[in-house]
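Chain naming follows the written order as A, B, C, D, E and F, and within any one chain the residues start at number 1.
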């Protein structure tokens, strides 16, 4: 059992982080906390993808470290697939990280709009104000 | 306990250490960011990382020397144009490929105007798009920061009136 | 009436400083003049950073100096020395030095670069020696009897003028074990010292003199502000 | 150039969006004609693409010249091309409409507004055109981010509604991304067709099951399917009227397209019908959505909010058609996407016109509106007919197909739900029409008070014409529905039904 | 609110843990993710694009369209912030 | 990477995540989120994803934290939960 848990511990960590993030997004009342939860949630997904790309058995970072000019042209013969990590998940996650920061930026801008209107960032207080003013 | 006073992040800092060090650091940050963009082919890095570091150098300038000085280096209008320009470089290279007879974003077609073999044409195409990405990311990061930290009033006079 | 006040003031100042009243006045005058001078200089410096120096010649020389420094940095990082990468490097350095040549050489008082570099290099061994010395002292403090530990914040006005020398002093103080620069405001240093000996070492002003020497600062009257001058000032008025 | 139509659909609006800030800096008034002119390009290209698909069958376009699954591929078949045409038509009409409404509601933000408008259209088109699972996520984020920003500048409660939308939308997009990751870990590919080829052997793996559920839940969140709809009504109601005129018809429909794509192209229908019973859950959720959405709509006094709940109900129709998973059900769903796009576009634009004239759209203040704005309100009437399902509007035909689907699936309860929902639609639409038409101060002969004349006070032509085009679109797509089905929609149905 | 949150995370967590079981082993070189599409990138990227960093090659070339979308996302975020927050100042535009 | 070290890193990450959503001082929570991003970045480096780690360090931990700090300084610093 313990071995089973350890053998996939990255997956467990990502599950835990994803749940923490999801809990903060749904259960917390403070809007900034929701955004913090959102960041954790997205980075959990990113961690999952990066874990997909890992390759055991002497694989290194996906950068060809030899002499590029010598290898160019007859690269097929030289490059051994087993010695490099799968680059595709990394590419996808570069995109996802940038998307997450873009979402965070827009969300923070919305947050400032909300603060301007209600002068608070607690969801329950906002709901109270909305109920009182009828908006 | 709520803290009523909001902190103005973009006023000139009065700490001589922070100011001097950031003054010395900013050119090196910028050159490092450009290095990251240009050497994305050989080492980790590329347009996004370099662009973000460039944007961070502008943000550092805004935090330490105040917003007005930062805007003197990069005005709002220039900033918006750079946002557009960055994405336009990317999409424009793609369109150029169509005009040269390839598919969209097929940098291999660029060899007709660059006079190198296809592999190197692709390499140069990647460099071109990374430059575009870097410019766009830099401008956008700086602009988002300025908007959020000033609440959308980057000019000092009106900000003082409204606060 | 006036005479009695003056006599009282002199008496107090004798008690405190063992010096004559007019000398105290002179010191205070100098201090006041210095403060206003530094403030004016500071303002000018900030303006200079962004409006840029007016003379194109100065600007050009700054541009070239920035370019050389940045290009050296680029070559140090790059590791690809073919024509293509070096030309990219030249382009990038040109862009950055165009944008921010006023940042790196913002100090209007900056003298001859070569002399400064030479002196700075000779300063480093001395600093290291000081660090080693204070290391032993702090180790002695830590292992020795408790009563030697006497942490306090000392405050002194430095004669340094340019921001770069101020920062060098502040960082040298922080680097030396036992002392930490807490804040620098308008040329006044607030330093946390761990014991009396450390504070006295600092107060001799040797480090400051050396830094002033590096950056070729003019020698001004050294104002030591260990004692609180405010009551004297009030009395004098 | 004809071979590159598929690429131009996305690229031209994107590049045009980049020029809007520059043009707006030069001369603000030029933004509007620029946007309208630019949106003609995707229209022409998508009609060209649809034409090519009808003539020579599905085709694909390799971006960057890399063959799939290594590069990104546009795989364009009947469904893609059909939805592309819908999106480009609606967005063109709404862009024509936008001028006066934007000038009145957000006069100082015209330039960034039009930039984001074009980016939103780009995102929606990009989701539809691509054949790569991850690429869908990227364009989904473009569409969502521009949507967030556009909604946030709306009425009073808009920022909070937007914040809710951001939270729910991010959960949805991340769930989708997670599902894609699960598919990637088990198949090693991101291309839809390649994944579809590899998946059938793996249907009994738990990973595939999890992937399927996460993708469906994620898309369901974006689609505002019933239990996940909480963000939608406020967001649609509080947005500026042009924006709600654009996103209410398109955003959820594109998500519905994604759901059809995932359920019937990436996964084969057999997976969701037999391996895990998602389709039957979906039909029940859809039925609840139809009823609850309609009931909530009846309870509203604000026209835009009523229409927003109606969106939730109508999404239920599409989900029902997808969930029935048989030939007529799916035909009904796809036809309903077309119908919904025109109908919701029409009624939301009418709501925008009313806001333009009256400053608000509280239903109880609609007295005499039919006399004041006869053309606008007659378009509204056509929209209401379509929503209720009165021939010859398109709503009738889509509803007929859905009912036929329910009958052939032997689910009589859904027939009852569909018919009952028509009754509910009648209730909430005819309340509006009754107030606007009949509740007029009749000439009181008993007293001396003269009959109060009502003058016609119609909206400007630049708003009226798009509304009329939308209404005409409802009628035309109804009249030609059999032709649309025989040329396009019947090829959408996956093999095996 | 809290109850709903806990219910949601229990559901999601259960599903995720259920799904983890059948996943290929962590870091398995023969897993489908590492053996179907990606080997070609590793083999070809240097020869076809003259770029030793495979991530850059895939990012910029093989999946360049994704990257363009991503740049557009960033652009959208920037313009969105301008739309939402920036106030108009006097004497600008016409 | 040695798995014990990796495990410790993972535990730190989880602690940071929990702390970031429970601390009531929002500025502290945001800074902890930055620390969380840096731990993530180390984890990515351990998994060989240098590009992702670089991006995470510069984007999430750098600019993301700055944006959060800017927003918090513009609004309220205290949170009720």
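Quick note on the criterion: a contact is a pair of C-beta atoms (placed from the backbone, for glycine too) under 8 Å apart; a residue touches a chain by one contact, two chains touch by 3 or more.
Quick caveat, the model's predicted, so the values are computed rather than measured.
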Of A-E and B-D, pair with higher C-beta contact tally: A-E
From chain C, the most remote chain by mean C-alpha position: D
Centre distance in Å when chain B and chain C are each reduced to the mean of their C-alpha atoms: 34
Geometric centre distance via CA averages, chain F-chain D, whole Å: 38
Chain centre separation in whole Å, for chain E relative to chain D (CA means): 26
Where chain D touches two or more other chains, by residue: 14, 18, 21, 25, 63-64, 134, 138, 141, 145, 148-149, 152, 184-185, 190
Per-residue overlap in chain B, given as positions that touch at least 2 other chains: 42-44, 46, 48, 80, 83-84, 87, 91, 94, 104-105, 107, 119, 137, 144, 147-148, 151-152
Multi-partner residues of chain A (each touching 2 or more other chains): 9-10, 18, 22-23, 29, 51-55, 59, 61-63, 68, 72, 88-90, 92, 94-95, 98-99, 102-103, 105-106, 108-113
In the complex with chain F, residue positions of chain B that touch it: 1-3, 6-9, 44-46, 48-49, 52-53, 55-56, 59, 141, 144-145, 148-149, 151
Chain B residues touching chain D - in the complex, by the definition given at the top: 77, 80-81, 83-85, 87-88, 91-92, 94-95, 98, 102-109
Contact set on chain B toward chain E in their complex: 40-44, 46, 80, 83-84, 86-87, 90-91, 94, 104-105, 107, 118-120, 122-123, 125-126, 129-130, 132-133, 136-137, 139-140, 143-144, 147-148, 151-155, 158
In the complex with chain B, residue positions of chain D that touch it: 4, 7, 11, 14-15, 18-19, 21-22, 25, 61-65
Residue ranges of chain C touching chain B (in the complex, touch as defined): 46, 49-50, 66, 70, 73-74, 77-80, 85, 88-89, 92-93, 95-97, 99-100, 103-104, 106, 163-164, 166-167, 170-171, 181, 183-185
